[in-house]
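By letter and in written order, the chains are A, B, C and D; residue numbering begins at 1 in each of them.
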Amino acid sequence: MNSFGRRLILSTFGESHGPAIGCLLDGVPAGLEIDEAFIQSELDRRRPGKSPLETGRKEADRVEILSGVFEGKSTGTPIAMVIYNTNQKSRDYENVKKLFRPGHADFTYWQKYGIRDYRGGGRSSARETAARVAGGAVAKLMLRELGIEVEGGIYEIDGIRANRLDFAHARRSRLNALDPEAEMAQEEAVLAAKEAHDSVGGVVLTRAKGVPAGWGEPLYYKLDAILAEAMMGINAAKAVEIGSGCESSRLKGSENNDPITPEGFLSNHSGGILGGISDGDEILVKTWFKPTPSIFREQQSVTTEGESIRFSLKGRHDPCVAIRGTIVCEAMMALVLADMALLNLGRKMEHLHSIYRR
Amino acid sequence: MNSFGRRLILSTFGESHGPAIGCLLDGVPAGLEIDEAFIQSELDRRRPGKSPLETGRKEADRVEILSGVFEGKSTGTPIAMVIYNTNQKSRDYENVKKLFRPGHADFTYWQKYGIRDYRGGGRSSARETAARVAGGAVAKLMLRELGIEVEGGIYEIDGIRANRLDFAHARRSRLNALDPEAEMAQEEAVLAAKEAHDSVGGVVLTRAKGVPAGWGEPLYYKLDAILAEAMMGINAAKAVEIGSGCESSRLKGSENNDPITPEGFLSNHSGGILGGISDGDEILVKTWFKPTPSIFREQQSVTTEGESIRFSLKGRHDPCVAIRGTIVCEAMMALVLADMALLNLGRKMEHLHSIYRR
Amino acid sequence: MNSFGRRLILSTFGESHGPAIGCLLDGVPAGLEIDEAFIQSELDRRRPGKSPLETGRKEADRVEILSGVFEGKSTGTPIAMVIYNTNQKSRDYENVKKLFRPGHADFTYWQKYGIRDYRGGGRSSARETAARVAGGAVAKLMLRELGIEVEGGIYEIDGIRANRLDFAHARRSRLNALDPEAEMAQEEAVLAAKEAHDSVGGVVLTRAKGVPAGWGEPLYYKLDAILAEAMMGINAAKAVEIGSGCESSRLKGSENNDPITPEGFLSNHSGGILGGISDGDEILVKTWFKPTPSIFREQQSVTTEGESIRFSLKGRHDPCVAIRGTIVCEAMMALVLADMALLNLGRKMEHLHSIYRR
Amino acid sequence: MNSFGRRLILSTFGESHGPAIGCLLDGVPAGLEIDEAFIQSELDRRRPGKSPLETGRKEADRVEILSGVFEGKSTGTPIAMVIYNTNQKSRDYENVKKLFRPGHADFTYWQKYGIRDYRGGGRSSARETAARVAGGAVAKLMLRELGIEVEGGIYEIDGIRANRLDFAHARRSRLNALDPEAEMAQEEAVLAAKEAHDSVGGVVLTRAKGVPAGWGEPLYYKLDAILAEAMMGINAAKAVEIGSGCESSRLKGSENNDPITPEGFLSNHSGGILGGISDGDEILVKTWFKPTPSIFREQQSVTTEGESIRFSLKGRHDPCVAIRGTIVCEAMMALVLADMALLNLGRKMEHLHSIYRR
């Protein structure tokens, strides 16, 4: 239950304040050039502490490949990647050892397992997403060879919505903002929340270009369903939309149907997916993140002994998880698409004939 | 890829206009009383043609159990259920044989498989959801023995939102409406769209009461992620929200965190799920459906030979898929929860001691 | 847990004396010609009552396809096949209702589930293998298109071993005997056991020709490991050998290693598998079946209330399960190989380039 | 495809001459005491170079736990274990870089992946089994809490069979010999083969005591079928027997059926498994290993360019893989049983009532 994917399988391990986090990526086809610098650069994009918009915690997040790569190429065997934890301050968490932080998984892990690594959320920490980004980076390398690009950016923060979708700008922006004009207001909302010892939510838009028609497996491994699973499984995600999403529900069928022409679709309300299968258009997914539950205002909770308590958190936390969440959304989308690319192989007899031609 | 769940596994088969549809449900614990009348009554709730709000197509949808039940109880072996198709009018589909209906899976199945059963959408038809409802009914029987109730209703249609959540009313309403006061306007929207040969979208709210804390498997089989997958995988779903969902993204952390008291949570923005695990509160999920793609206005598309075409559909279709989708949402939630109940067994050593006590 | 395979997935259902048995076969590539007569002919080969060497029970074993085939071809959706039970004599089993037959699964099902369908073994009956044969027949059709033939025959019965391997003879033989010269003695052993109200064991040799090198997934879905699982999972199987099997353990390395030449291997002790992956040579598997546990001599057992009992079985049973087991072994090998053919797709980047060439 | 198990899932990674090998073990229930010294002691039992009967290669095989354990107990999250490779002599393998060693996976990996890590067999090296032993050690800890012991020993070497089964002796013996009287002859056979630059095969008997009736999942995850898969998947295994195995095929039904009494079974031909489910008796499995393919005599093969070649291997190799294979067989049996213990939870409604009692 710590694995994701069917043919490209990411398994992650590790706790926020244990010796290391990491992942196994199984199913990478042999012969893929593994650009380690690219993998590290993706981790660097997710790495905390790059700006005042993020937690002050500093982690080097150096990734080390333990297997599956030989002379620069994947060999078809599992790729193990490890990131040693170097900046854990476990003492920061002594004060939460015996209480359940609202909005966090403290209470539910305790209920489920009867034991929990309370240091920084342990396994439930967003730190685990570094392993997803490492795996997602390899998926991006696979997709690139097929001419597919996955990109993401901030669509909305604290209700301030982007009017333009400039993915190139998002790459340069410390907020990963899609709209350079909304960016300033979005930044201010984040900083104001931080100032007020509070936090804000946000929305990430993720896009894939170049996906051929035919990816996605009906009826229970549909492309949209698995994207929804992938995104909703990211820490703090509370809603997922495909294409026009919620907005589609308020249109008439005659407005929402994307007319088809010999040159392609005239609109893309569907987000590039029909019947759970890619239609060749851009894949578009929005992931809605709640405000960071770690805030520094006084909160009400109970202790592990069940007593009422009022307390204030200490430590270092992102005022808006959606910002760094952007890179995680990209990683998850890349993993889903690479998995679907592999799953689709063999769906027609002609694939078998083409590969096993005698 | 036609199976859903890990320990309670629903596999479905069948095409809209083939001889039958049906399902296998594997993993049902032995000793469950199988109330066949209840299963049939769930199918009856989903059955088309009950009111002018629905398609005029009539299907008896009689379910027949072929295995897994002996003397009224489950035996632990797979339960096979079959529903024979009795009211297929394949000739209705001759006119769409050679074209791709916008908003449907026609184009993508063709791209993926190079062959398609064009009669009524074949496998991609919403008719398949009858098999989900049959499986979901058994899941509901399991959950009931554990004191858990799953209910659903219409939250919004064509932008007209419920202000009250009256699940008992929804059971009596032909619209499955949660809010008796919004119901009239919602019905009118549906009928107006039908009149205009068009269709409308809607939102279903699904709720589970009585779920104990501790269900859901981190990190890649989280309860919210799998609910998202389950709901997004239903035909025409385009967005899924957990708890306050999108709205959470626009709150501050101090507003969105649910304070914890010895008596429970003071609010339920989380929708009963923290860190992917149930927290003991009500589970709340919203599923946003697009307007039915089958409309009777003229539309633009291409033929299987790639030529541009303008055409109008004929046949019988629901003007709003969310209405009957309500029962499907309930079924999917029940399947997810029953699966999670089974998956959670063995997550503590004390479960093993309790069952294998020597 | 009633499914077999990863990409070509056979799920079976049904009890010996319930309304029907059947299977779902998911993952069949679209565009395969589905020769229904061939599927039926495979079932006919397994069907009981064809000779005095088999049980006198008569079952028509007519297979009906409910889905997944359109205009004679697979569509890529699950193929459901049903075989209605027509010759159940449940009253034959009234006398075993309250006792556990030695060598059967009666005792263990009771322990596991606390309930059992005692009629003819219920789910644990070898009747279920008809569903495997139906699924295996489709797998054979897939393999044939790739130039692969799977065949089987009786290698040994009651210790009488074949000295020749004549698969063509086995097809004509009512014993499925590989060696026409050993056949008479083998038949006599079966009939003598039947006469004595007893039963004998036997060994089936299964062979696949034409399998390309490269099939099988290290390290935990190896071709030999999965063949072992497939064969050991057949009712009454107690041992599985790959290639020279047990005999290899008594050779020196210098004798057992198969020398490699530009034209191929000089011997085939390996049974066509090295490191869990096919090497291009013939795949050879031996499956050892125990004597039928259903015998008509007096036996000692306990009742469901735990009391000691001596009893004699009545009914109709095969004196040697290996005979009809031959067709089941073929089916399982075909399912494994077709699954491996699909799994191997995507193990090299060049597969992806070849299919998704832009 | 580098994972084993359904609820207790072992995923391994690493190549013989890469930086490290290791495993993830997912599904360990929370609250299990993790005795690290025991895990290391199991690795020490498998470690090479302990006697002249084994390869002279020396590996410290120090295991490091990276996650899933907190304050000495499992937390329910994945346990990652790493073993760094310290004694790789890659230059030993320069001479085999361009040829395929007979009896090895060199040829098949090349065919499958088009690339291979030729150093010491890379991923296909038996070195990977250290990761299995680490995972198996944790499974043994789980089983011990349930009163189950898994043991193994050498049953036969070079055709010299044990007449006594003394598992306590096997623990003290450097050959892991079950029979102290056969041991001397078995050792001599190994040393003679070594002297002759050749190798011998052998058979390992593995036994589990204390397994309750009811473990094993019909019909496609049977206990015997999965044990067969587990054992056949170990490097160099060529046959697997359950209970009396091959011998059962030569008995009459009246001899082979194990009579049942209120006190238990009067014999154990079945090896403790009926219908794929444990019957409460001892589980007995024999695994037949071929002679080590790495021999130092001249052999015939082809180069990666397809040219004929005669060559002699250099390096350090076990003259009989069955010896150290004993610990691997134990590990695999422990993993299978612990997985089955978890899978069986929830097979009766009363399990759910017992755990979720309200």
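In the analysis below, contacts are C-beta pairs under 8 Å (C-beta built on N, C-alpha and C of every residue); 3 or more make two chains touch, one makes a residue touch a chain.
Just so it is clear, the model here is predicted, and its values are computed rather than measured.
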B-D or A-B, whichever has more C-beta pairs in contact: A-B
Chain pair equivalent in interface to A-D, over half of contacts matched, among A-C, C-D or B-C: B-C
Centroid spacing, where centroids are CA-atom means, of subunit A and subunit B in whole angstrom: 26
Centre distance in Å when subunit B and subunit D are each reduced to the mean of their C-alpha atoms: 44
Multi-chain contact sites of subunit B, meaning residues that touch two or more partners: 1-3, 12, 27, 30-31, 76-77, 112-114, 123, 212, 218, 347-348, 350
Residues of subunit D defined as touching subunit B within the complex: 7, 27, 29-32, 74, 76-77, 142, 145-147, 212, 218, 341-342, 345-356, 358
Touching residues on subunit D, where the partner in the complex is subunit C: 1-4, 10, 12, 100, 102-105, 107-109, 111-114, 123-124, 128, 156, 158-159, 193, 196, 198-203, 212-222, 224-233, 235, 237-246, 248-262, 266, 269-271, 273-280, 288-295, 297, 299-302, 306-308, 322, 343-344, 347-348, 350
Complex contacts: residues of subunit C adjacent to subunit B: 1-3, 9, 11-15, 18-22, 24, 26-27, 30-31, 64, 66-68, 70, 73, 75-80, 82, 112-117, 122-123
